[in-house]
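Take a look at this one; I'll ask things after.
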C-alpha cells in the first residue's frame, strides 16, 4: 500500500522559527538590495546557507556560459559592487569566486535514490529604483529599506530568494523522504531578462524533469494561485549606439555627421513598425541620449530599446524590422551604428499535464484561497528560457504565480511583500518535490 | 587702315520686314508650345528655315550622345507629340528623323575663311504650364496663346528661338563679312536642365572659341544687359522610386513593406541635409506620390527632388548626402529604391576677358539702356555645361541676360515677352560674330 | 393546432426558375458594377423588382439623413454615373429620384397581422477594382465581367443583392404565412463603411426586433455557416488635407509653408500611435499625394487614413491620437489642415440569444455543411451601425457568414461567387422570417 | 598750442612691469577658470584692482536688469561656485555682493572735464571644457592650467580680462590727459551669448559715444587687426522641455504620452527649416536627452537648440519657424512643452565712420602687422547688443579683432593665448581713449 506523499507536509510543518527566518532573510536581502549581475552579497549569503544545510552548490564561472551572458555592467560598476558587498558582510572568498559578475547559485540535493530531477527557480536581483523614504512605507518605517543607492527590491525577488532558502531548509530536513535530485536555482539578473540564458547555455537544465518558477504578484487576491501563468510576452532588449562626426554647427555644419538625427529617425521608425495580425506586439525606445554641446553637431547618440511579442515569432518579427530601422537611420545620416542585445525573453507555454498536480499541491496549503490555471501579467520573464529548455528535452515546466493583495504596483518605489506568502510558497513547493516522482509515474501509466 | 568691324551693323540694319518675321516666328512658337524633348514642330520649323538660309544643320540622333540624355519622357508621350507636330504642320520627314525625342538642331555656317568658331545658344522648349485664357493676357487677346494642353512658353524660349532665327538670317546675309565658323545651337529641354549634356557629350562644343548663351529676363529694367550673368546655381534633379510590398492594412499589416513611410522619412531627411558653410544650398522634395488605397499598405512611392548649390561642389555635397538619405530611408522600411537623375546643371563662371567685348557689342545697339556685368536670377541653367566645356578646351564663354520690364514672373501663367528685345539681341549678337576674330587677335597680342 | 413554421420551407421549395433568376440577377449586377453611392442602375433594378412583387419601397432622400452620409463622391462623378446608369437601361425617373447619390432602397412588407419587425441587410456596391480579363476568370469567360471602368464586384455584393431579391420573391409568395413586418434593406456604399449611418440616422431601424446581415465568404468550407460572425474591427476612415504656401524652392524657399513635409511627419506619427493593451488596433496611411512641381515648395498635400480597433473604444483612442498627430504636424510646418471623415464602422456584438434560432434555420437547409457561432474575417463592416441601433432599442441582431470554397480572396481582381449559395441563403432566411415570431415568444416565456 | 594726443602713447610707454602683470593676471584667470555667471573670483579680483587704481565700480544686482539675464545656472551650481571662489582667495564680501550670479563689473573713470563717454568691452568667462593635461600644452607645462573641473579658458577671455586691467592701469596713469568719461565693462557670460542683455537693459550703454569691443583670434596672422569685424551671425539659444506621461511600455502603452518622440520629431523639423534666400542661416539641436528606463514610455525630454542668421531678421525667421516646429511636435504626441531662451546675439554693423580712427590708433602700435576692416569668424557675439544700443542712441561702435598665429582653434582643449598681444591691445586702446574727443569733434566739423 502506498501512502500518498503530498499530504504529509503542510504549512503546519513549517515551524514558527523557520517562518521567522523567512522574514529575516527577506528583510536582509531587501536592505542590501543588489541589481542585476551585482548580487554578490545576496549570492554569498545564499551559498553560505545552502552549504550549512548540506546542499552542494554550483557558482561563479562554472554556473554560466560566459559568452551567453547579456547586459553585464561595466567593470567599474562590478568592482564597486564587490567592494560594497564585502563591506556589508559578504564572505570575501565567495565574492572573489564570482569574479566579473558571475552571480547566482545552483543548489543541488542528490538523494542517491532513483527518481526524477525536480528544479525550482527563484530570482534574486533588485530594481534600479530609489526606495521611498517615508513612514507610510513599511520597509522604511521598520528599518529595512535599501541602504544601497539606486537599488531597491521593487518586484519581490527578495521574497523569492527567502522562499527558496525556506524550501531548501525544509527539503534538507525531509531529505530521507525524497527520491531523485532536487535543484534550486537562485537566478541573477532577471530584471532586463538577462540572467537565465547563460545558465541554460551551460547545460544545468538539460536533465530536469519537472521545473517550477515562482513569482509573487501584488494587487491581486491574497493567496490566489495561478499554476500555469502564461501572460508573459517574449521580449528583446537592445541598445543602439550611433557614431557620427562632430563639427561646429555654426562654422562647418556640412562637416558633421549627425548621430542625434539618426537616433531621432530610428526612434520614429521603431515606433512605426507595423502591428502583427497574429497577436500583441510592443516596441519602446525608453531612453535617447545624444550630443554634447548646443553648438556642436552631435557626434554620438544612444537609444535603449525593447520589443515584445505575444509569441516568440512575433518578437522576432519586431526585432528583424527594428534592425532595418536602425541600420537605415544610420545610413540616412552617414553615421555608424552598433547594436548590443542586453536582454531576451522567449514566450513559453506551461506544460498542461503539469497543472492538475501543481494545483493539488497548492490546494492543501494554508492561506491558499483560489487556484486558477492561466493568465497573469503582461511583462516579460526569462525563466521562459529555462522552461523551454526543459520542455525541449522532454520534461515538464510551469510558472506559478502567488497573489498578494498589496496595493502598490511592481517596479514602484512603494512596493512591498506580504511576508506570509513566503511560507505558503515554501510549503506548497515542498509538496511538489515530494510528490513529483509519483505524479510522473502516474502520467506514464496513462 | 582697318575699319572697325562691330560698328558696321546695328539694329538699324535689321530691316522692318525681318522685325516682323521675328514677331511672327515667336508667336508661332508660342502658339504651338512644346515641352522638353517634344519640340518636334519647333525643331522642324527651325531646320526648314536654316536650310532655306543656306546653313547646314545637324539634328536627330547625330546631335546627341543618346546615353547622356536626361529626363526623356515615356515613349507614348513622344509618340503623341510627334503626331501632334505633324498635325500642326511639321514636315513629317523631319519629325521622323527626330525619332524618340532627339529634338533640337545645330546650325553651322562655314565661311571657308580662317577664323574662330563662334557659337550662340538659344533654347526652344516650353514649360509644363496651363496658359491663362483671359483678355488681360496679350497672347490670348491676340490669338496666339498655346493650343497645346499643359504646355506654355512661360520662360521666353519662344523669343529665344525667334532671336536665333533672326541672327541666322542676318548672318547669312553678311556671310561675306564673316571669317571662321558660326554655330547656332537651338537647344531642347532646358527646363529641368536636361537638354545640354547629351549635345556637349557628342562633341559639338569641343572646337568653340567664343560661346554666348542668351536669356530674356522679365521684371527688370527694359534694355538692361548683363554681359556675364552668373547668379545661376548648380543643380541636380532626380526622382526616387521606392518599391515595397503591399498588404491588407487591417488583415496582414506585418506582411507589408511600406514605401510611403520610406518616402516620408526620406523627405524629412532630405530637407534636413545640413547647410554648407561655403555658400548657398537648396533642396526640395517637390512631389511625393504614394499608395493606392486607404486600406492597403503602400507598395510604391515616388518623390521628385532637386538640390542646388552656389558652386558645383556644394551641389555635389547635397547630392551625396541626399543619396545617403534615400538609401537609408529605403533600408529603414525594408523597401527597394531606384534613383533616376533627370536633370543636371553645373555652376559656370563667365570668362572675365570676354566681358568688355560683349559690352561693346551691346553698347552700340538701339534700345540698350544699361550694361552691367554679373548678377542675375537664382535659378539653374544647363547652358553651363556648354560654357564649361568651351572653357575647359581653352575657349571663352559667357551668359548674356537681356532685361524686359514686363511685370509677370517667369514660369507663371501670365508670362509674356517684350518683342522689341528680339531685334536688339539679334543685332548685338551679329556684332559679336562679326567682331570676334579681331577681339581674339587683340587678346593674343596682349 | 399550429404547424411549426420553419420546417415548411426548405431549399426544395425554391423552384428551379427562381434559382435561375438568382443567377441572372447576380450576373446582371456583376456586369454593371457600380461603386459606393453610384448604385443608380442597381438600385433602380431592385426597386422595380420589389414593386413588381408587391413590396413597398423607401428610396432617395427619404431613405437617408442627408447630413449623416459619409464619403459621397464629387458631383461630377455622380452625374457621370447617373448618365451611365440610364444608358445601361435604368429607369430615368428612378435615377432622377436618387438625386445626388441617395442610392439604396428599403423594401417593406407589412402583413397587417400583429407580429415582430424582422429586417435583413444586403449590401449592393462594387469595389474600386479593375476586373481580370482572362479566360481563367469565369465572369470574363462567360461574358458577364464588369463593363464599367474601375468598378468590379470583388466582395460578393452582387450575390448579396441577388439573394435579397430571391428572399423578397419567396416572402412575397408566402405572404399569408407571415405576421408582423418584414424589411429588406439593400444598403449602398458598404465599401469604405460609408452607407449605413445615414439610413440608421433616418430612423429605419428603430422599430426592428430581429436583424440579420449576411455576407458570403471565400476561401472557406463550402456551406459552412457562422451565425454570429464577430471578427469585424471598429474602424474610422478619414482624409486630411494640408494647405500651405507655395514658393520657388530655389529663389524663395523661406516663403513657402511645406504641406508635403507636414503630411510626411503626420504619416510617421500616425503609424507610431502606441499599441493598445486591451486589444488589437490598426492604422494605415494608404495614400499620400503632395506637391505640383519639382522646384516648387509643396503647397498642398492629402493623406487617406484609416484606423481600426478590436473595440469601438480602441478605435476611438486611435482616432483621438490621430487627430493630435495631424494637428501637430500642420502646426510644425505652419500649414492649415482639414479632416474629413469618410467612413466609420463600429464594433458590434451579435446577440447571443439569437444564435440557436439562426442555427436551426440554417440547419434544415440543403447545402449547409457546418454551423459555427463566432469568428470570421478581420475587416470592418458598417452593418454594425444597424446592429447596434437595433440592440440599443431592445431588439436582437446578428451577422451571418456563408462560406464558399472559392480560392480567390475578397477585393482581388479574380474574386467570384459560388452561385449555389444564393438559394441557400434565401431559403434559410425565409425560415428566419417565418419563425421569428414564435422564437421571440419562446424567449419571453423563459 | 595743442599737442596731438594719440601719438604720445605707444606700446613703449607700457613699461616692462605692467607687461609682466598682464601676463600674471591672464595666467591667474586662466588657472581659476570660471564659466558663465559663476565668475565670482574673476570679478572680485578685477573689482579689487579697479578700486586700487581709483576707478569707481558698478557690480552685483545694480549692474543687471535681473529679469533680462539669460541662461543663469541652477542655484546649487552658483552656490558651489561661490564657495569655490572664496576658497580660491576671492574677497568673501565681494562674492556675497554678487548674490545669485550677478557677476561682471563696470569700471568708470570720470575726468570731470567735458568730453565724450568712451567704453571698452572685455569678456571674462571660461568655456565648458576639460583642459588638456599634457606637456605639449603650455598652460599645463608651465603650471597654470585650470584647476577647476570642466572649466577652461578656451576662447581667450582670460587674455581679454587682463588686457582690460592693463588698459585701466594705463588710463588711471594718464587720467589728466583724458576728457569726458571712460567706461570699461568686464562682461560675464559671453559664452552662450547670455551676459550682455541684462547690462544693456540696465541702461549702462545709453550714454556711450564710442564703443569698442575686442577679441583675440587664433589661427590668423600675428598682429593683424580688423577694425570692424563683422562676420558674427545673429543667434538665439533656447532649450525646449517636453513633458508627457509615463507608462509601462509593455503593460499600458496607450496610457503614455511620449516626450521622446516629440523631441525626435521636433529635431527633424528644426533641421528641416527652409534655407533663407537672403543669407546664411543655421540651426542645430546639439543635445537631446529623453527617458528614464527602457521599459517606460518616456515622460520627459529636453533639447538644446540654437539658430543663427546672417542678419537678425534671418535669425528671427529661424526662431519663428522653430517655435512652430516645437509646438507642433508637442501637439503631435499630446505632450506639453516649454521654451526657455538661454542666449541671444544680434547681428550688428560696425560704424563705418569709426574705422579710419581705430585704424590710426592701432597703426602706431608696435607689433601690429596689418590693418583690415571687415570680415572675421562666423560665430556669434553678444557684444552686438551693446553695439546696437550705442548706435541706436546716436553713438559709434565697433568690434576689433587682434590676430594671433597660435594654431589651436577656439573652444578646443589646447587653446592658448599669445601674451604679447595683451600689451598691444592695451596700448592701442589707450590711444583710442585719448584721441576720441578730437576724432568726434573732427567728424562734427565735416
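Lettered A, B, C and D in written order, each chain numbered from 1.
Note that in this section contacts are C-beta pairs under 8 Å (C-beta built on N, C-alpha and C of every residue); 3 or more make two chains touch, one makes a residue touch a chain.
For clarity, every value in this text was computed on a predicted model and none was experimentally measured.
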| item | value |
| --- | --- |
| Where subunit A and subunit B overlap in contact partners, by chain label | C, D |
| Per Cα centroids, the chain farthest from subunit A | B |
| Comparison of A-D and A-C (more C-beta pairs in contact) | A-D |
| Distance from the mean Cα position of subunit D to that of subunit C, given in whole angstrom | 70 |
| Geometric centre distance via CA averages, subunit C-subunit A, whole Å | 50 |
| Whole-Å separation of chain centres (CA-atom averages), subunit A against subunit D | 54 |
| Shared-contact residues (touching 2 or more other chains) in subunit D | 251, 253, 258, 261, 265, 268-269, 271-272, 274-275, 277, 282, 297, 378 |
| Touching residues on subunit C, where the partner in the complex is subunit B | 128, 192, 233, 235, 237, 248-251, 253, 258, 260-261, 263-265, 267-268, 271, 282, 284-298, 301, 304-306, 308, 377-380, 411 |
| Subunit B - residues contacting subunit A, complex | 251-254, 256, 258, 261, 265-266, 268-269, 272, 274-278, 297, 317, 321, 324-325, 327-334 |
| In the complex with subunit A, residue positions of subunit C that touch it | 268-269, 271-272, 274-275, 277, 280-282, 378 |
